[in-house]
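Below you'll find a set of structures to go through.
Heads up, the next two complexes both have chain A, just with different partners, chain B and then chain C.
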Partner chain A sequence: MVLKIDGLIIEYRTLRGPLKAVDGVSLAIGRGEWVSVVGESGSGKTTLALSIPRLLPANATIVGGTIEIEGVDVTRLGEDELRRRVRGRLVGVVFQEPGATLDPLRRVGDQIAEALMVHGLASTKEEALRLAGDALEKVGVPRERVSSYPFQLSGGQRQRVAIAAAIALEPKLLVADEPTTALDVVVQSRIMDLLDKLRDDMDLSILLVTHDIALAAERSDRIAVMYAGKLAEEGPAGEIVIGPLHPYTRGLLDATPDLWGERRKPKPIPGSPPDLRNPPSGCRFHPRCPLATSECKEREPPEVRESSGRRAYCFHPLTR
Partner chain B sequence: MHQLLTIEDLKVYYPVYGSIASRILGKPTAYVKAVDGVSLAIGRGEWVSVVGESGSGKTTLAKAIVGLLKPTAGTILFDGIDVARLSRRDWRRRGLRRRIQLVQQDPLESLDPMMPVGEQIREALEANGVARGGEARRKALEALEDVGLTPPEEMYKRRPRQLSGGQRQRVAIARALALEPDLIVADEPVSMIDVSLRASILDLLDKARRRGTSVLMITHDIATAWIYSDRIAVMYLGKIVEEGSSNSVARDPRHPYTAALVTSVPSLASRKPPKWPVEGEVPSGLRIPGGCRFHPRCPLATSECKEREPAETVENGGRRYRCIHPLPPGGVWKPPRRG
Partner chain C sequence: MAKQAILARPGGLMVTAGLSIILFYVALAVLAPILAPYGPTEVSVPKELAGRPQPPSPEHPFGTNELGYDVLSRIVWGSRVVVQVVALSAVLSMAVGVPLGLVSGYYGGPVDRVLSLVMDSVYAFPGILLAIAVASVLGPSVGNAAISLMVVYVPTYFRMVRARVLELKARPLMESLWTAGLPDHWIILKHILPNVAPTILVVFGLASADAILTEAGLSFFGLVVVYPEADWGLDLYYGKNWLLSGAWWLTLFPGLAITSFAAGFALLGEGLARMMGEERWS
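So, the complex of A and B:
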């Protein structure tokens, strides 16, 4: 396994009290595997993703669990080691806004080249710039763009450059947090093609965070659905969307319009997502769940496992 | 059909001042042609969606219709009145501020952060002469209840910040509907809302439509447009490139740009057309390509497409498009090979 997250708990300190954004999540990703974490706002999907390269905001603390990347437990490492060994080297990161990675005042080639030199992957500036050009070509940006500033690029090209920077040190894992949400759907499709190609070329593992379950289904090997800080279910992408086990996943699918499916009005999930400072007892989805019984209010749902490696956390899993 | 809104050859250009001198002299060095000759009609009780990506001009079009922007040229006939030429005062005097309602993507932009939301609805009712005093308050409570904000007495007192994003959008819609408008212009009404709650917001608009209100939705989401609207107009760089019944445009497009759009949308269906190979991005409105404006990205483009702007073709049944090499029926299933 390239990534192995076990029992992860992440807490935020907020003005109105502590909040568990991620509460006991376990997830593994194999070499060259693409896993998408799907959820809505407040599900904890972004917190989970940012904890892998240890890029959580200052008010967040990992209070439990482990995150192993290639056997290294990154929860035990200090800032210095994270910078030297983990970020860029083991795991590359792409955010929704490419501006989060790219310095607006420096040429994109210089930014990539610097990272290569700091990590000793190039000994001279010339060599580093040449490698930066290679990285740009790998993501479908002409190598002449090394001398462009971020503002001279289109939104899609900026995101490609951010991807080039994320993979320049040839990490094993790429964490992409809603990388195409700010982009148009045609450009989104091309960026997803690019991630797919990088996965093949570099044997890269991908963790994509998205709110779009259809996008996840089209692109990934496995899907992990999160709700209110917990995993609702996880398994092969095709199985999850054809026969979800968890009623929340069913609800999400029914709420998603599908242009090439049946022309029916999407169904909303009743109620609204919980306040994580004061989460519901038992199963966190129970106040919105059509199948909830008294049991669901009182106890945490058990893990349901299938032979194919699928798992769900529910007292009343759906049958196909 | 008797049209409620008829837009003809509408143009909205933004001046660009490329130098300080041009700014001082008030002489623009260029124009961004955000809306560049758009014609579109909406019948009473009809839901029309304008679909486009960023830079298509769809939001500018919406702003021109609700009177927030003065068009450069063209007409916007609303119930027989050319609203494009009216002064602000005439907008108010003729009741257009009430009859045409805008629902924005981010309700925080249109709601007063300090005022209880019920009061905001009551105030809108009074300002537009729909009701006053106790009756206005009663109507505001009703409006909150209609959009599912219950108990209404409790919700009435809340301030926008005390509500979730979905609840705020309900307030914005409640206020718009309380004024009993003829037309609702909804600009990306659910793009900031969680997937699980979107349908409940769209259903509110759909209910209003069934009672005879016309809806013009601006969206980048062609799947949602397909489900809720009667007709879809696809915009690209300031022009409508294709327009017709929802099903025909979204599932059997004639224009290669529409084909790229509908095949790029992620779908869970087991049978769906292959993705169309379209490279690049929407260019800047300052540098609109000559000929067909989609030609630099179009997989079907020929030299002809560079040279002349395609005329509008109108099919039986009313679907229209601007393309020299339109797709045959079912053509979306057979994309050209990546060149």
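So, the complex of A and C:
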């Protein structure tokens, strides 16, 4: 396993009291595996992703659980070790806005090269720039672009450069936090193709955070659905979209338009996500769930496991 | 966009005009021995005319004062004092204010809170009063005047730099630098400082314009140099006694020198701000 998250609990201190953004989530990603974390805004998916390189804001604390990357528990490491061993080296991160993650005043090559130099992977500037050029080629940007400034590139190219910077140190895991939300669908699809190619070329594991379950279904091996800080369901992508076990996953799928299937209107999930400072009792989805019973209000839902490795947390799992 | 003529850009005219004025006075200060028609304390009128200020004439375009000193020459020589004090104080305020602003904004926390509190307390004083207070403790000299101006303008640099760093810190750029595992000093020097530099330049212009006026205030009260050394503010002080006798040239010309020099810096700062407002990256 490249990544093994176990019982992770992350709490934010806020002015109106503590907020558990991630509450007891366990998730594992194998070598070369692509796992997508899907959920609405405020489901805790970004918090989960950013906790892996330990890049949470200052008011967030990991209250419980472990995050092991290649057997290293990053929840126990100090800032200095995280910087030297984890960030960039074990985990690369790609963010949402492609332009905004690059320094407007520095050449693209210098920005990739600096990380190589700081981490001691290149001893001279020339060598670092050569490796930066290699990284650009891997993401399909011509080598000559090392001497370009970000404003000379298109949005799609900038996102490719950002990805090149994230993989330049050859990390084992790439965390991509909504990397294509700011791009149009054609560019989005090319960026996804690129991630797929990098996974094959570099044996890279990918954790994609997205609100787009259709995109996740198309690209990933497994999907983890998060709701209100908890895992609702997790398993092989195909099985999840064809036959979801959790009513929330069903709701997400029904809210997505289908281009090829029968003609139907997207059906929104009624209500809105709960305030995590004061989460609902029992199953957190019960106030919005069509199948909720009194049991759902009172107790935490049990884990339902299937032989394929699927799991869902629900009293009334759907059957196919 | 980069190749566009400087005059055609927004604020370009202001920057050009401001720079020309500044360079004019700097040249005046450097070349004073060549340019000034008389020495600063040279009695340049016949003995019988001394004792009363003489109005502007072909030999003395700006007139002379009661001691027979040529006003134009004293303005030329006096530029040396202002230029020195303002340059020195700008360097000192930047050297202190910019690093503190960078560190305070980047790290935040208790250090930031204490520094901000101290800086804001200093900032709350009216600049001229603070400068006079510090300068009277230190005694009159060019170096001491520069130090008192530094005390006044460090908070200006600090606050602007800190604010800009906070703004940068909120950008995705910072997250991507942190995820690359780059050390803090690297991020501050290689990424934050260059992005803050334009702001520092604007503050330099506007703070220096203010500093010239404050310096004139200090020298008006004899806190920079001692009469009869040539100094704009000091000449203003002694000239004002003759205003009611109709000798307007003793105050008008030093006053114009002070305001025009200050206007030069104000134009530079304001022009740069407009230029950057237009080209600021989002």
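Criterion: the second predicted complex is superposed on the first by the 317 of 320 C-alpha atoms of A that agree within 3 Å, B and C clash if a C-alpha of one lies under 4 Å from a C-alpha of the other, contacts with A are read in each partner's own complex, and residues count from 1 in each chain.
Assume contacts are C-beta pairs under 8 Å (C-beta built on N, C-alpha and C of every residue); 3 or more make two chains touch, one makes a residue touch a chain.
For clarity, every value in this text was computed on a predicted model and none was experimentally measured.
Of the two partner chains placed around the shared chain by superposition, neither chain B nor chain C is touched by A:Arg130.
With both structures placed on the common chain, the touch criterion links A:Phe151 to chain C but leaves chain B unconnected. With both structures placed on the common chain, the touch criterion links A:Lys197 to neither chain B nor chain C. By the touch criterion stated above, A:Lys4 is placed in contact with neither chain B nor chain C.
When the shared chain is aligned, no partner comes close enough to touch A:Arg143: not chain B, not chain C.
Between chain B and chain C, the partner in contact with more residues of chain A is B. Of the two partner chains, chain C is the only one that A:Thr101 touches; chain B does not reach it.
On the chain B side of its complex with chain A, the touching residues are 53-54, 164, 166-167, 194-200, 202-203, 206, 220-224, 226-228, 247, 250-251, 260-262, 264-269, 271-273, 275, 278-279, 281-282.
By the touch rule above, chain A contacts chain C in their complex via residues 53, 55, 58, 82-84, 86-89, 91-93, 95-97, 100-106, 114-115, 118-119, 151, 162, 165-166, 169. Residues 108, 171-173, 175-183, 186, 190-191, 194-195, 281 of chain C touch chain A in their complex. Across the complex, chain B is touched by residues 40-41, 154-157, 184-190, 211-215, 217-218, 241, 251-253, 255-261, 263-269, 272-273 of chain A.
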